[in-house]
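Next come two complexes built around chain A: one with chain B, the other with chain C.
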Partner chain A sequence: MSHVGSGKAASSKEQTGLRYPSNGKTIYHRPLNRTKTAELSQAAFAYLFSEMVIYAQRRVAGIQELEKRLNLQGHPIGLKLLDLLLLREPPRSQTRPLTIIALLHFIKINVWTHLFGRQADRLEKSSNPDTPDEYMIVDNEPLVNAYISVPREMSQLNCAAFVAGIIEGVCDGAMFPARVTAHTVGGKEEGEMWPGKTVFLVKFQPEVLEREALLGKG
Partner chain B sequence: MSVVRIRLTVFALIIINKAGGLIYNRTFHEGLNKVSTNDLLVLAGTFHGVHAITARLNPLKHLQGSGVGPGNRSSTSSTISTAVPGSTQPAPQHQQTHARPEPPSGLEVLETENFRMQCFATLTGTKFLLFTDTTQANVDLTMRRVYDMYADYVMKNPFYQLEMPVRCDMFDRKLGSYIREINNR
Partner chain C sequence: MSYYFAIIGTQDNPLFEHEFGTSKQGGDGQARFGDQARHLNQFVLHSSLDIVEEVQWTTGQLYLKVIDKFFTSYISCFMTGGNVKFLLLHQPNATASAPAAGTPGAASTSSASRSSTAVGANPTSPQTEEAIKNFFYEVYDNYVKAIMNPFYKANMEIKSPVFRQRVAAAGRKYL
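Take a look at the complex of A and B:
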């Protein structure tokens, strides 16, 4: 309380500008809010992400290369996030996911809730028998794409490649090496409920499936 | 009873950039006369000029020119008179940063028997023109919402280049559904 009092006294003496509070404590002096429910400004993130896309776009030849760059930007976040989220789990469930399903559930629930404040909308296994190594995480409205309209000539681009990079980082960190790509599936017809619907295609390396099969037997 | 049903309608939206170029136009109501793109461009440029003129026209003498509000005029003029000519004048500068007067806004509303045009100029000089029915209420609110959407879906879009025509699907979609909601109310 003494702080508040002194601050008021100083401000009444002399009109200070907006930028510097009279008690000398700027936003940089305050500790970060690191609680589990801490929220960040979506507008600030939107501008930051917009700049990230522009930065990635600056020296690329094609759309694939741009997506690759966004993917690379997300990868280290995924690696670190896996450790952080496991550490925050209660001690008895603090093991890293050991099966593909457990890993994907971890991503769908824990990673998504931490990053976007909600779970991913759906989890699917590829129904095509030729590609048993493919799984899909569906997000109806990716937060990173909230304000992004991709121009028509770049229609294959999905900026959620950044999120795909995060997923890839989590998979790699958990020793399930995979390739993750983001694909837009919505927006084909008018008046659709989820025009920005995005599928994250997770394609695991063959050795992961091999190991999974061996584990299943034992 | 020949009561004409009062229609609340938003007819069209035009966005003009700070150089007077047309960057967005869209009509929301059928049965309007078609205006060619060329005419729209001329309209945007003309309006830009008229707006600039109206911002300078001011019948109140004490507001003229300097743009200093009536409240701090006396203090500013006294500092100027005591300052040595040729020397820098930090005092007025200081005053300006604290109590910056509202800049003149120029033309805000234009009303005819058929429509009402509301203009909203942002601080950066972009102008939003909303053409509505004469009886349309709460245009300020609608304008505010349109500006919000512009700030969200145009300015936060990494593929939009400043001062260039707005081609953002998301903006079109959100704006369309918002105006439809108003027009159907």
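Take a look at the complex of A and C:
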């Protein structure tokens, strides 16, 4: 911490022990709205993500545990994305999601566009009457799996568990506690249009549906 | 006019608090709470959390306006997407027309006559609502910057002195 630009920053630094960057700018000096040119290189992401998977894999015994770890890595991202994307909304549509449908739309459109540059492909509600708490977000070709080939003996693994964690973070943050898991549903045979098709199964906690029913009445 | 501002996390745990006074009409930006009132303020503010929980599901707006009142204290609320609450307790001074320290007498009489339209004189007036809204949005902006810090986990106390400076600046600017 050699030469701090302004005298003011230097004096407050002495009081608090806080270290400022040499240009005197902290995260609070940087704008939050650099959306247009903020795209990242996919190669750099793929490299980083493969390291994340390896990191998680070294510390687990089974596939379920590995997916759990990837999920946990994504969770805080979702919590933070929720507020960032809300802030970037124009004032008119800047509303907290109050219903499951509004929340899933927010994920399908805003979150997906922010992360992957396009919307999710489909949104579905479970048709099984026994599981009214299950919703599905379908992505035909998850970006995170673009360069991942899963070995045959681990065929159950889907590294999009990381994205599932992000979704779970958004849901939890918005007070819709849920379990989100990623499942590969693409066919293995030749000529399949979307071999990497992934379904994110969102299973909400019972209290969410209870509240939804109450709000619907009122 | 005195203000007590607090950020309350999702577990109803305080993340940040700041006390300040008005800077409009020659105010010196110092809060005028008594020693007793300081403890009471925290209590009043937290007791309004029950009402926040009722109001938050009736509207998707972030800014919930004045939600609670305790004698002369009014509580305004702002709800972030991540269910963190910004609560502002505002208390119009009973002796609002008393000259603030260092204000010449002539100026204080003119400000007293204007005070009916001034920010804060009437806590539920549209002007006050708008001023508090602007304050909240500026804090929200800085709050999101704070949580963007990769080392920040949900419901952690916000200790950054820069954040405190920014909140104080927003208070000076709008309230």
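List of remarks:
Criterion: the second predicted complex is superposed on the first by the 181 of 218 C-alpha atoms of A that agree within 3 Å, B and C clash if a C-alpha of one lies under 4 Å from a C-alpha of the other, contacts with A are read in each partner's own complex, and residues count from 1 in each chain.
Everything that follows uses one rule, which is that a contact is a pair of C-beta atoms (placed from the backbone, for glycine too) under 8 Å apart; a residue touches a chain by one contact, two chains touch by 3 or more.
Nothing here was measured: the structure is a model prediction, and the numbers come from that model.
In the superposition on chain A, A:46 makes contact with chain B only, not with chain C.
Of the two partner chains placed by the overlay, only chain B lies in contact with A:54; chain C stays clear of it. By the touch criterion defined above, A:28 reaches chain C but does not reach chain B. Shared-chain residue A:87: touches chain C; no touch with chain B. Number of chain A residues touched is higher for C, counting chain B against chain C. Legend: residue contacts after superposition of the two complexes on their common chain; A:76 is shown touching chain C, with no touch to chain B.
When the two complexes are overlaid on their common chain A, residue A:149 makes contact with chain B while staying clear of chain C. In the superposition on chain A, A:97 makes contact with chain C only, while chain B stays out of contact range. The residues of chain A shared by its contacts with chain B and with chain C are 15. On the side of chain C, the complex with chain A involves touching residues 10, 56-57, 59-62, 79-83, 140-149, 153-154, 160-163, 166.
Residues 97-98, 152-153, 156-159, 167-171, 173 of chain B are the ones that touch chain A when the two sit in their complex.
By the touch criterion stated above, chain A contacts chain C in their complex at residues 12, 15-16, 18, 26-28, 30, 32, 76, 79-80, 82-87, 94-98, 102, 173-175, 211, 215.
Contact residues on chain A toward chain B in their complex (touch as defined above): 15, 17, 43, 46-47, 49-51, 53-54, 57, 147-151, 154, 159, 187, 195.
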